[in-house]
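Quick notes on the structure that follows.
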């Protein structure tokens, strides 16, 4: 090109992302080539905008594997899923601050229910991800999504007389009850409205006018009548199905990784999380169900919690003999790659003008039993020596870690050490700590909430009956207050449902603990 | 209850103008439109020049229609083929492509039926095919198999509601 | 020891005590045989599954019922999702060729996971066979037991799908069975791979587990493991796939125990029964809702050209198989499928057990009528089938090879799909029409061993043998519907995973082979107003091996299986090209071009020197490949719908620009004329020439066609004289031999007393 006097940008996956898997590698390269420059320009404009307002803070973007990067980063493809992933990082932050080892992060949005797991302080990174149905090579925090959200359509299948929820949804148009929109089909939100859980006057602070009678009429006509059921029972039944799907998802994810809900605390956020948390946690004996006061903006909060980090990967595909006889040569080869990755991370921070002394190098390896096709990521920072790299003994230690992890993830029936090991990928992450937000830590007031916080009562439908629920304005509640169900805690962007038989004490960190009474636990 | 939207959609299906997104997300998935048969029938009637009531469509151009001589197969060009009890192909012109040269009008070499017998490129002479083997099995093998087959029997009895 | 395992131990003691005191493992102290007999009797007498006329549980608490269903199915899907990560085989892991099912104690499926759902009913047959053979009293069925089956006659589709079956007990009773199936990479048959064509009898099919108990106390027997190690060419894959299945079944068992803990055994039991009856009703109401009642007929053909390639004398013949399908769709929502007139069974791999054929029916129906994941054996009760005994679709000789029934199933079901499509079209659901599909039978297979220098690094445990079993066959052209073009290289009717897989993942397993290319196969899509989906082609070479053999089935190759619909044409046929003793190494060194395809056919040779062999038929029998030998393979296109002359010209222009069709083809088929600038992918349409060409095509149609009477007279003489290819004559003789009804109908049609075949 230079010879021809042409200036043509060239992207080479062998240089930028040398990992095995031609389909995701190519797709990701195309995404990068296509979207990186326009995105970068947009980020610079954001930077300029803030600068004009007098800010000196740098603009950073959250990557889907953890850590924020500068717009100059040469691989912006890693920022594709910043939003939903933010919630998981927020969860990690909260877990660390509060000393919670195992946390399930659950986000109920308009179209989807996203779940991620933090186990012993770590979240698994998954490789085979897809984005808009394209396979991509973007390391992503393992997150599961089902197409069941607050805006999901509710329909009856004539042939089987079954209720179908989603995956299509009204999205931001909320539902049939939205007088400003043209939605034909009733949604999950319409059902929550019909049951009295939502305040029709203050949906999104009153910005979206929703009519409860319209919701009821829609549900009656479209769902209840075709099934020959009562309208409120139907609305509750729909929520039962949706919440059961969500709880199945949770159960599947947790059990699929070899754990049990009893091992975890459930964190609920997103616009719809606090509303459905009691429903989808029912029957799963979580240690605790927590709903932060800032649940509606939790993903954004999560972005702010992330450190600056640059991650580089390289396929190595080293084969380690089952008797470790070639551990030395494997260590040698790995060190080569890891050193190279470390340099790339250092260069990136150098470019950003970050003090190299503040940068920590955190290497990992992806490993599998030879013959299997799914590797697991194992952090090796504790054994990796910054000067010497890994020794042959270190390799054995790493394998022990791998096997322990394998045990947790898959059933005991599946181990195959006799075949040897394949160390598929070397990963190098450079991390420079960023200022973090602080979680509130306030003095506890009494259990009884202030008068001013109580705004009235409203009937809610739960367990086949109507109950008079106390209404509370979230902003006016204080740490130490204990909300006794039936109750609804309301805020412009979110609603917490505290059903009959539940209570929700607000702790010093301004986090609610949703508890089914009689299940014990002294929170405060 | 065929709404305007339903009709538009069905019309687009008939005319082949439906967009992929709508097809994939609205038309193909459940639930299916309960009025589809009737709406289709009516729209088709609007499109054809003949007056006969359409009973059902057979393909792009042929319909089972009512007439004063009973139910017949009729083409949208007006041609009346035969009674619905008969095979309309008996009243159609037939064009057969048999020679390889004819096939080659449609498909490249190697991508169509092979002139018998199938040959390697070196063009081996044909050899007569032997009699294909038919049923085999001694009586005892058959009996063993019957025992196995008893539980493989699919339901031959009509289920009545 | 996991919690589950000690639980299993306690359960087993409970059952043993019960049995010692003369108790039975069925419900309410009945034997399984009794339960099965009752189920059959009640179902037959009443027309409802087990006589369940009222779905009491569903009616009483519909939402609870739904929750149970979704929980059960969630467990199956979850088991599959997790288990597949244990497998070594990219066929399982990359493509998803596995499935988990749950059955009632009598063996009726309640729910299935995603994946190879052909197995809805196969596990059922195996379980029923075990009950019929009195396993419960003889071999014994106890908590912790592990059973295995892949015998097609007893309950399976093809040899390489292996079932691990685990009984689930509660409180001393058998409450359900879990069944996990995976598609193996190598099954120890006469030729390497999973779908061999070389077989002449069962004794070449590979390892068969015939409803055997292979373990107890949740552990596999030592001797079974030894057998597995020695029975296939890929013991590591066999072992890991088995672990995968067992792990999944145990997960399902755990899930069932949890459900029972939550809702109680009685509710669970009632639910499972109602779910099956509901399945029956759903099937019937779907049929009533979406198809037009009537009688539908179509016929497919399948060629087996083995005369040149066959290894054994009895194989060395060319045959053609007759596969007629008549279906009745009734107003009450029941359906029947009748293949009277089908060719006889034979000494080849393509014999399909009846259970295999109905398996094919499930794959089909779950994609057009029962696609919301709620399919179970209830649907089976809404169907009748007639597969003639002694035919390819219901062989009566268990010593025949039942190894690769797909060679019969796939072409046969082209006719099934055409019938069902006609029913959809008449009912107004023209978007559900599927004109047909490219048959997913052209799989490259084989295996080899690496050169010493390459094999050094590989642990001895793993060995230096590599299998060649890519599953990119699960990505073919799907036929057009009546509203749109088919799906290009993105669908495979028989493998709804629809994924060609990552080349580098295949290469990770197939050490000695390298892909040189993948590209669209021009002119493979069936023509029509809506064209069929296009196929694709690839080129592979061999490197670093000590030895390597490869083969590839190709169907359809020497004949079409069937036509398109409403005036559309079938997708093109497939063929085989390979080059041995090549100059590929020189070309690589010099940077010279090498073959990346064969479009148009004949161009492959332009970029390689060597011993090139080109055949119209596939390469069914393994051939030796040396390093740098090259193989070409392709996946086909689907059939089209409607008259090509009605295809909008702009679409045809787009077809040329996308290399779906060549300019020559669009001129002669669609009458579209213009100049194609290949470099810029720009087709410059010549409108007047196009108009003229299309008029010419219409004129030629008028001239080249004849009246039906003329056609009939001419053909009748040929039938009388037997003036057809020997293979065709043989096919008809055999069909007449098999079916008096067909023989009579055939001769009545031609108004002859006998034919000259």
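Lettered A, B and C in written order, each chain numbered from 1.
Quick note on the criterion: a contact is a pair of C-beta atoms (placed from the backbone, for glycine too) under 8 Å apart; a residue touches a chain by one contact, two chains touch by 3 or more.
Since we're looking at a predicted model, the values are computed, not measured.
Participant: Averaging the CA atoms per chain, pick out the one whose centre lands closest to the mean of every protein CA shown.
Facilitator: So the chain sitting closest to the middle is C.
Participant: Of the chain pairs A-C and A-B, which one is connected by the greater count of C-beta contacts?
Facilitator: Result: the pair with more contacts is A-C.
Participant: Can you compute the centre-to-centre distance for subunit B and subunit C, using the mean CA position of each chain? Integer Å is fine.
Facilitator: So the centroids are 21 Å from each other.
Participant: Go ahead and note the Å separation of the Cα centroids belonging to subunit A and subunit C.
Facilitator: Roughly 38 Å, centre to centre.
Participant: Could you state the distance in Å from the CA-based centre of subunit A to that of subunit B?
Facilitator: 49
Participant: Where in subunit A do residues touch at least two different other chains?
Facilitator: Where subunit A meets two or more other chains at a single residue, that happens at 157-159, 164.
Participant: For subunit C, what residues touch not just one other chain but two or more?
Facilitator: Residue numbers touching two or more other chains: 289, 372.
Participant: If a residue has to touch 2 or more other chains to count, which residues of subunit B qualify?
Facilitator: Answer for subunit B, listing residues that touch two or more other chains: 30, 32, 34.
Participant: Along subunit C, where are the residues that touch subunit A in the complex?
Facilitator: Within the complex, subunit C touches subunit A at residues 2, 62-63, 66-67, 70-71, 74-75, 77-78, 81-82, 85-90, 93-94, 218, 236-237, 239-240, 243-244, 246-247, 250-251, 254, 262, 278, 281-282, 285-286, 288-289, 372, 374, 457-459, 461-462, 502-505, 508.
Participant: Report the residues of subunit B in contact with subunit A in the complex, numbered from low to high.
Facilitator: Going through subunit B, the ones touching subunit A are 25, 30-32, 34.
Participant: Would you tell me which residues of subunit A are touching subunit C in their complex?
Facilitator: 20-24, 135, 157-160, 162-164, 227, 229, 236-237, 240-241, 244-245, 248-249, 251-252, 255-256, 283, 319, 321-322, 326, 370-374, 410-414, 416, 418-420
Participant: Which positions of subunit B touch subunit C when the two form their complex?
Facilitator: It comes out as residues 10, 13-14, 16, 18, 20, 23, 27-28, 30, 32, 34, 36-41, 56-61, 89-96, 105-114, 116-121, 124, 127-137, 141-142, 144-146, 148-161.
Participant: In their shared complex, at which residues does subunit C touch subunit B?
Facilitator: Contact set of subunit C toward subunit B: 43-44, 47, 125, 128-129, 132, 153-155, 280, 284, 289-290, 292, 305, 307-308, 314, 317-319, 332, 334, 343-347, 353-355, 358, 372, 380-386, 390, 396-400, 425-432, 482-484, 523-524, 527, 529-530, 557-560, 565-567, 569, 572-575, 600-602, 613-617, 641-643, 646, 662, 665, 668-669, 701, 704-708, 711-712, 725-728, 730-731, 733-734, 737-738.
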